[in-house]
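Multiple structures follow.
Look at the two complexes coming up: chain A is in both, with chain B in one and chain C in the other.
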Partner chain A sequence: MKKDLVIIGGGPAGLAAAIAAREAGVEELLILERDCRLGGILNQCIHNGFGLHTFKEELTGPEYADRYIGKAKTLGIPYRLNTMVVDLRAEGQQKKLTVMNREEGLYEIEAKAVILAMGCRERTRGALNIPGFRPAGIYSAGTAQRYVNMEGRMPGREVVILGSGDIGLIMARRMTLEGARVKLVAELMPYSGGLKRNIVQCLEDFGIPLRLSHTVVDIKGRDRVEGVTIARVDGNLKPIPGTEEEISCDTLLLSCGLIPENELSQGLGAAMNPVTGGPFVNESLETDKEGVFACGNVLHVHDLVDYVSQEAEAAGRKAAAYLRGGLEGTGRVVSLRAAEGVRYTVPASLDIGRMEEAQTVRFRVGDVYRDAAIEVSCDGRILRSVKKKVLAPGEMEQIILKKQELEAADNPKEIVISVRTQGQGKEA
Partner chain B sequence: MSETRELVCIRCPLGCNLSVKLEGGEIAAVTGNTCPRGAEYAVKELTDPRRIVTSLVRVRGGELPVAPVKTASDIPKGKVGDCVKALRQIEVPAPVHIGDVVMENVCGTGVDMVATANVDRS
Partner chain C sequence: MYDVIVIGAGVTGCGIARELARYDWKTAVLERASDVCEGTSKANSGIVHAGFDAKPGSLKAKLNVEGSRQMESLSKELDFPFLRNGSLVLCFDEKDIPILHNLLEQGLQNGVEGLEILDREQLKRLEPNISDDAVAALHAPTGGIVCPFGLTIALAENAAVNGVEFHLDTEVQRIEKTSDGYLVYTSRGEFETKVLINAAGVYADRFHNMVSGEKIHIIPRKGEYCLMDKKAGGFVRHTIFQLPTVYGKGVLVTPTVHGNLLTGPTAADIEDKEAVNTTEPGMEELLRRASLSVNGLPVRQVITSFAGLRAHEERGDFIIGEAKDAPGFFDAAGIESPGLTCAPALGRYLAGQVLAYLPAKEKPGFIAARKGIPNMGQASLQERQRLIAENPLYANVVCRCELVTEGEILDAIHRPLGATTLDGIKRRTRAGMGRCQAGFCSPKVVEILARELGKDVGEISKRGEGSRFLTGYLKDSAEASESERCESGKAAE
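Moving on to the complex of A and B:
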């Protein structure tokens, strides 16, 4: 099978990318989705809060997905469900995908361009090193979310949640509403990894305590979880002896963050950013493999689906431009560097000649800052400084770079984005 | 007598930190909001707190055993628990479509419960 463009993943990123590519004139395209329906993780995110930026109304996850699924179907965009991409490689400009599903078995697709939109997955318990047996009753928050919201099954009645990522917070509320008792949320870091609004409406509304700087040091029970021991941690995140506290529960949910799902990108040999776990991309969201683009959570983990859709639309447009031969580099490349307090930037470089009038740069900070500023400088000259009341690792930030201001600079080489603290600024 | 209350606006994921100045129990000023919805939220939250409720309803003969639902608009915060309990008492036949009313005037709030996903027949 030959296609101009193959989009790997039919979640919010893949759908928005496919729609934008089709609207930009790409006829021969195909979405490959490994689940049994389009929409990805949105199908199990039944809470509201999606789409305020995009649709100016507050939708639930399935409703948000449905808007895009409806549009993709109206545009006649072909897709295959229950279909896994097992291998992706580039041979010159040709990309070869090895694909598998029940009906057709294993087969190959040749594509001129590929958009990576595989999303992310949860960190697992193995990565957390909690000692003890492996009793039943330990779930990742996302798995529990799928059980409860799509299969109508409750994983347990008395719950402790480790990690205050958004899915954990959302599940604290979900399980409470469905009749479980959520005893507490323990967070290793001194700040939450989730959105503030979720702390308010998922924990505070239900009187669920959030224990910052706490972790689970032991799990009780052989066949089924009977309880956990939590302890306070010191500045080096090591449990402090004597602070242990036993909590009885039958379920432990782990919400310890998400990581981009990039086995295919790695297999392809795309250069990866160890900070995000996603590939490095330029302003066109193209990886260092020509004609391979990335967007959404496979590129870097987002907190807002609206931004995933925006990013994916850009990837779709750029892939269409590439297929038309309109994405030639001009060689006037500037690199972007994350400095003091900023962990990474997406994109990591940009071609001034090729960039659009305004370029969104997204990034995360590594700590909590109050009354700080985001400083953008170009070869040592400050382009701008944006005041921020609060900066937190759980909330993605963005700045806009204008083509005009870069054109005006004399042969710019490097743009640096950093956090500037005023006075005492940084919070312990 | 004046006092300040700190709130986090939950109307959108920006989560602005709001400061509400109270003079003799009356709201005198709201600061920290990025948009007018924040001020509106602060007033509501301190006088008549409301929430949108999202939950599930059991589905008979569907490709999935449950369908997600939400209140069509926000309801008083104190009625959230009752509303979810009321949902547990009912079952709807497949197919279910986005926007279908699964329960009218839930718990006397004047607000309907509507489906938020499509569930086909099995």
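Moving on to the complex of A and C:
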């Protein structure tokens, strides 16, 4: 099978990318989805709050997904469900995918361009190396969410949640509404990893305590979870002896971070950013493998699906431009560097000649800052400084770079984005 | 009335059962867990030891070397993963090099082939990530690695196919001597037998001491392990040991047959025979000691940790054979390392002893070969295509990390001694053993188990009653909405 463009993943990123590519004129394209329906993880996110930026209204996850699924179907974009990409490799400019599904068996697809949109997975108990027994009743928050929202089943009745990532916060509220007792949320860091609005709406509104600088140091129960031990941690995140507290529960949910699923990207040999766990991309969201683009949570973990859609639309447009031969580099490449307080930037480089009039740069900070500023400089010259009341690792930030301002600079080499603390400076 | 009953369906019990199955006895295995391979056999290093550690002339040495020699042909006969990757024993101090020579000498006496001492340069060439502090090593090219679940399940299935009854969820509570054998009281009724074999792992002392005046004492010796992602699997090629101590062969670093990297075990003598929990000090100790062997152990690639209990008899040796004051009661007790390696040879040895006690004829229809579950994740392109042509469900991926398909999961459920639990599926197919640790596939596997076993998903457990995943329905819904469920496996709507 031959295609111009193959999109790996039919979640919010893959759908938006496919729609944008089709609207930009790509006829021969195909979405490959490993699950049994399009929409990805949005299907289990039945809470509202999606789409405020994109549609100026509050939608649930399935409703948000449905708008894109509906559009993809209207545009007649072909897709395959229950279809796993087993292998992805590049042979010259040709990309080769080995895929399999029940109806078509194992076969190869040749594609001129590929968009990576595989999303992410949750960090596990094993990766966190939490000591203790290995009973039933330990779930990632997303797995619990699937049981509750897709299967209508309760994974437990008395719950402790480790990690204050957004899915964990959402599940604290969800399980409480379904009659479970959520005893507390323990967070290793001195600040939450989730959105402020989720802390308020999912914990504070329900009186669920958030214990910052705490972690789970033991899990009890041979067959089913019977309890956990939590302890306060010191500045090096090590549990402080003597602060242990035993909490009886039958369930431990983990919401300790998301990891982009880049096994295919790594198999392809794309250069990876160890900070994001995603590939390095340029302003066109193209990896260092020509014609291979990335967007959404496989590139870097987002908080809001609206930004995933935006990013993915850009990837779709750029892939279409690439297929038209309109993505030739001009050689005027500027690198972007994350400095003090900033952990990474997406993109990591940009070609001034090729960039659009306004280029969104997304990034996260590494700590909580109050009354600080985001400073953008180019080869030592400050381009701008944006004041921020609060900066937190749980909230993705963005700045816009203008083509005009970079064209005005004299042969620019490097743009640096950093956090400038003023007054009280950093909080934690 | 049974002729022979084996207590315990770990690798030792299953190894014995498979050898007993060759004879026309009425044989049963009693296991308290809901599956075979639920105790020490599921939480160990998965090493086939070359056989240089055991004292020359000892039964341990004989069974080890025999077991190691048989493992390759057995792995073909019973279709389980085995790889002869070779092992290295590192020495960190020039003055300890004579100990390596002693080990080599001991190995020669035990009949181990190909042993050699490597100097630092040779070692570094063989294993570039080896610690700079290693000054020399003993190289045992016959050392190997095996899937401990694969071996145990293969032995059990083959025994079952050849007529051995397996009674799972059947806990032995009491044993009474009768005029011509033993009456075994269990959680599921009484079993009468002429011969009783004790392969109960860390509980072997309990059963031995019920019938014998010569008491034994099994001390659970806890070993903690860390398993790393397949991305780290090529970190070392050989199994890397350190010079042994009184607590055993020490912490090793090894690839697994499935391409992960494994390190462990620690060694701590404890009282509680159920304490298979990992501990913070244990993990710290483990990573510290493993880091002595290699440079830059990829600790960030850890995907899971676990602990196992070795059945250490206080005198430090295997106890194999008929108890002196209990005719017809045979022990396979104190089977710690190299117990996994010894299992096939031990089975044959003990079956021979039983044969002398209770003569029997060889079964004419004994089926020696067993075909395992296909492994789509490791199969070649041609093999994958052949399997999919045979059954399209081999193309429907359920576990994305390990590439396990619905076809493999159905095989695991419907074969002899099939899986009934999530852990059972995991150990037979590797579904859930990868980097996401069953986050994505467990709801799907639970659903398939329920469908195939004719149960409700709420009844499906991790490893038997008491370890169910779900605690009921949502407060408003009597049952899950079926209309929303999409048909698994359809590529197009």
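Annotations
Keep this in mind: the second predicted complex is superposed on the first by the 428 of 428 C-alpha atoms of A that agree within 3 Å, B and C clash if a C-alpha of one lies under 4 Å from a C-alpha of the other, contacts with A are read in each partner's own complex, and residues count from 1 in each chain.
In the analysis below, a residue touches a chain if its C-beta (ideal position, glycine included) is under 8 Å from a C-beta of that chain, and two chains touch if they have at least 3 such contacts.
All of these numbers come straight from a predicted model, not from anything done at the bench.
Look at A:E104: by the touch rule set out above, it reaches chain C but stays clear of chain B. Look at A:G152: by the touch rule set out above, it reaches both chain B and chain C. Once chain A of one complex is fitted onto chain A of the other, the partner contacts of A:D303 are limited to chain B, with no touch recorded for chain C.
Legend: residue contacts after superposition of the two complexes on their common chain; A:E178 is shown touching both chain B and chain C. Of the two partner chains, chain B is the only one touched by A:E58; chain C is not. Using the contact criterion defined above for the overlaid structures, shared-chain residue A:G380 touches neither chain B nor chain C, since it reaches no partner. In the superposed model, A:G235 makes contact with neither chain B nor chain C. Once the two structures are superposed, chain B and chain C can be ranked by residues of chain A touched, with C on top. Comparing the two complexes, residues 148, 150-152, 178 of chain A contact chain B in one case and chain C in the other.
For chain B in complex with chain A, the residues that touch the partner chain are 7-10, 12-13, 15, 17, 32, 51-56, 58, 64-66, 68, 70, 77, 80-81, 84, 98, 116-118.
Residues 226-227, 231, 274, 276-280, 282-283, 302-306, 381, 384-385, 388-389, 392-393, 395-397, 400, 403, 406, 435-437, 439-440, 442-443, 457-458, 461-475, 477, 479-481, 484, 486-493 of chain C are the ones that touch chain A when the two sit in their complex. Interface residues of chain A facing chain B in the complex, by the touch rule stated above, are 43, 46-49, 52, 58-60, 62-63, 66, 148-152, 177-178, 195-197, 199-201, 205, 303-304, 389-390, 395.
Taken together, the chain A residues at the contact with chain C in this complex read 34, 36-37, 80-84, 86, 98, 100-106, 121-122, 124-127, 129, 131-137, 140, 142-143, 146-148, 150-157, 178-179, 217-220, 222-224, 239, 250-251, 266.
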